[in-house]
Amino acid sequence: MKDVEVVNIKSVELESPIMIEGLPGVGHVGKLVGEYLISELGAEKILEIYSPHFPPQIIVKADGDIQMVRNEIYAYRSDDIELLILVGDHQSNTNEGHYLLTEAFLDIAQSYNVKRIYTIGGYGIGQLVEKPRVIGAANRVELVDEMKSYGVEFSESEPGGGIIGVSGLMLGIGKRRGIDAVCLMGVTSGYLVDPRSAQSVLKILTKILGLKIDMGALEERGKEMETIVARLREMEQLQAEVEPEFAPEAPLDYIR
Amino acid sequence: MKDVEVVNIKSVELESPIMIEGLPGVGHVGKLVGEYLISELGAEKILEIYSPHFPPQIIVKADGDIQMVRNEIYAYRSDDIELLILVGDHQSNTNEGHYLLTEAFLDIAQSYNVKRIYTIGGYGIGQLVEKPRVIGAANRVELVDEMKSYGVEFSESEPGGGIIGVSGLMLGIGKRRGIDAVCLMGVTSGYLVDPRSAQSVLKILTKILGLKIDMGALEERGKEMETIVARLREMEQLQAEVEPEFAPEAPLDYIR
Amino acid sequence: MKDVEVVNIKSVELESPIMIEGLPGVGHVGKLVGEYLISELGAEKILEIYSPHFPPQIIVKADGDIQMVRNEIYAYRSDDIELLILVGDHQSNTNEGHYLLTEAFLDIAQSYNVKRIYTIGGYGIGQLVEKPRVIGAANRVELVDEMKSYGVEFSESEPGGGIIGVSGLMLGIGKRRGIDAVCLMGVTSGYLVDPRSAQSVLKILTKILGLKIDMGALEERGKEMETIVARLREMEQLQAEVEPEFAPEAPLDYIR
Amino acid sequence: MKDVEVVNIKSVELESPIMIEGLPGVGHVGKLVGEYLISELGAEKILEIYSPHFPPQIIVKADGDIQMVRNEIYAYRSDDIELLILVGDHQSNTNEGHYLLTEAFLDIAQSYNVKRIYTIGGYGIGQLVEKPRVIGAANRVELVDEMKSYGVEFSESEPGGGIIGVSGLMLGIGKRRGIDAVCLMGVTSGYLVDPRSAQSVLKILTKILGLKIDMGALEERGKEMETIVARLREMEQLQAEVEPEFAPEAPLDYIR
């Protein structure tokens, strides 16, 4: 049994596509962006990736049919742009699996002559987000200024603790292979599936790619969430009035 | 040391048996069904499956004798039907082990020319179950209607989160190998060993298989449990009167 | 790097020794018995066993010197008896490691022509033990009666949940290899290192082996512990008076 | 994909350097010492070590650029001394990885003809430390007296539980390979990054090595921390006045 198995679904000719990784993670920001792009662009599935490092689980679909936990790569081609979009239900469940799968994704990227990768994630700050922000990281310092010009924020302290999972390793192992890669992270509470945050990332990503995407459906989901957030905020406030939280003065960076 | 070792206990000639998986899981529904079938049909053990992915543990039997943690396959043959029944004390204790063992079980199934697999599990809903229900999943959409005709329920939202362990992977990997497989899940609280739920699954399974099974002993165990459930319900009610639970209005699907 | 590495410390000629396993576990009963036997008999170390499945840790000795986490086998030979005694600071830290190490221990046993193994463990009952008891399990049903004649207790419900770790697997895998093996478990609270329980096992084990061992030092440690237990009992009683524990009537076996 | 990959950054000729390991651990004492030495001495990076046993994560640097989780070896050479300094952001995330990486580090040490290794760690005592102390362990008993002469303390009861991770295994596996190795542990609370403790280790280490290092910057960080510690102490006292802690008289060594 192989650690990673790649199944060919459809052959496609591409010159040098851009790869976008939208696997699940904090706030499901990556997954929301990846799946929204696929649906709006009508991208076609070309590859399925299976691994015993995924959770030992199947997904039951709405019609009662099932599918293995797997990752998938979709292709989109227009006159202006070529894309490979990586999505899935789960990331690896084992430490080594994250490395093995990332290596496999980069093998695929290189076989399609990918020169640039965007990985999408969420950056959880542990509290409700007032103003949507997108923070970034890049595997070549020259990419930082390029990203700043699109409104991506880079700060010394964010993301503290680094970037976990495929969204991070694609940059790290990509760097060792000489492939440019940028991680775009929507700032999010970390408690909720966050379509608002996904939308803020998608706005910047489409600007970078020069793509036009209808944001209507995502906007809709974002509004639903804002109603919920408003309610949570009320509850928080109510609670804050009852029992004021303890605010330590000592810089928490020192506390491990 | 091999990842999976299959030990032949008894040779048996079968044309194309149906395989039933009844390993332990939520509510021990699968285990109850599998072991009840073996006992009522007088099925014979033909194979033992050992693996270092099982918990590093032995089972002590009532007479002081012991046995390794293992899975077992029993065979039953009548004029009307041939069955292979997979049971055991434990499932894999490692992520990869679930995949390796499922592959081994399917190798066995294919060596016996199995064309249809039923996996049995429990679906825990986190509260006591008023009315027994059996929900299903299948690895080919055509099987869904067939199952509905026997009273299996399919709904868009159940089982949320998919099906974990061998009961799920048999459908997933089975699909990739072209073997029809259905998972029958007895709805259960998830807190208790649930013979009532096992009985509801067994009723449907025997109807599907055209088998006649005496439900007496299982009925008995179900009644014992209902006495316990009644007591738990009283306790719940008592508690509910003292401290009314907080009921959030926000749809919980959004909360991760 | 090998999964298990056996280092020869001293060559010794033995005809057919009895093996005793005294690795750490519940109440450290096995470790206390194994190390006490080695010290009282003056057994000599003949083998060291190393593995990357042990915790990644070293032991610092009283003089500041260190040693790797490892298991060790000691040999003892008199006119009446030959023994191999397996001890160590830790058991495997991984699931597979338990299996790999047990296989290695049995390889060693077979290379010395071992025909009988006694594994020593503790059986934790979650409360202070009034009267010392030794319960047993055996890998051949004929051994049960033999053990009963020495005062080992066998009951249908003990040990519930089986026997975990090397003490269990030696019986399980030993059975598959045709080596007789018995597990002797001192009943213990599970909260404390329990020399009293170790003494009760040692009394039976020496009777079985026909060995004479001075119990003085173990007796001493047992008395120390009883002073502590007496104090704990007082504390328990005090607490029980303040907040009476909830006693459910429902049989707990049903609750998972 | 290899378990450990060593990438050569710069070739350097060394006769027989001393190796110092300063990976992260309790109180980040090792990391603080290792990185401070590199910075003050202007040591040069010669090797990078990558492994899928490290956490699947990248580190984002202040400028937005990233790097893989990795360990690094720096070299320093003067007329008086040659050093190899091992540092990194993380240790292994898997049990086996600790062993594999330590073997790799020792392979490197031997390839450079290293005869002596100092590993640096923290020893957490669970409460604020009044007087800085450095305790030691060595993989040859003759090294103990040598270390005592520099003010390293050796006591029978410290460190209880041994030394976990690379700092410990370098001594253990080093011993088996015949390389002298000493672990110097700064006593620390275990709750805080502890530059004071790092300074106390560095004072002894530089005395041992005959090195002159400006302690100014570390002193500074230590003072910052003392302000925080003073505040924590006040808070502790305040809390102690409100709810006096329960002090058990029973020796805790017995309680598992």
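As written, the chain order gives the labels A, B, C and D, with residue 1 at the start of each chain.
Note that in this section a residue touches a chain if its C-beta (ideal position, glycine included) is under 8 Å from a C-beta of that chain, and two chains touch if they have at least 3 such contacts.
Since the structure is predicted, the reported quantities are computational estimates derived from the model, not experimental observations.
Counting the residue numbers used at the interface between chain A and chain D, under half appear in both copies, so the two copies meet with largely different residues. With centres defined as mean CA coordinates, chain D is found 50 Å away from chain B. In whole angstrom, the spacing between the mean C-alpha positions of chain C and chain D is 36. Under the stated contact rule, the graph of chain-to-chain touches is a ring, a single cycle where every chain has exactly two partners. Residue ranges of chain D in contact with chain A, taken from their complex: 1, 27-28, 50, 52-53, 55-60, 62-69, 93-94, 191-193, 224-225, 228, 231-232. Touching chain D in their complex are the following residues of chain A: 92, 95-96, 98-100, 102-103, 136-141, 144, 147, 154, 156, 158-159, 162-165, 168-169, 171-173, 175-176, 183, 249-251, 254-256.
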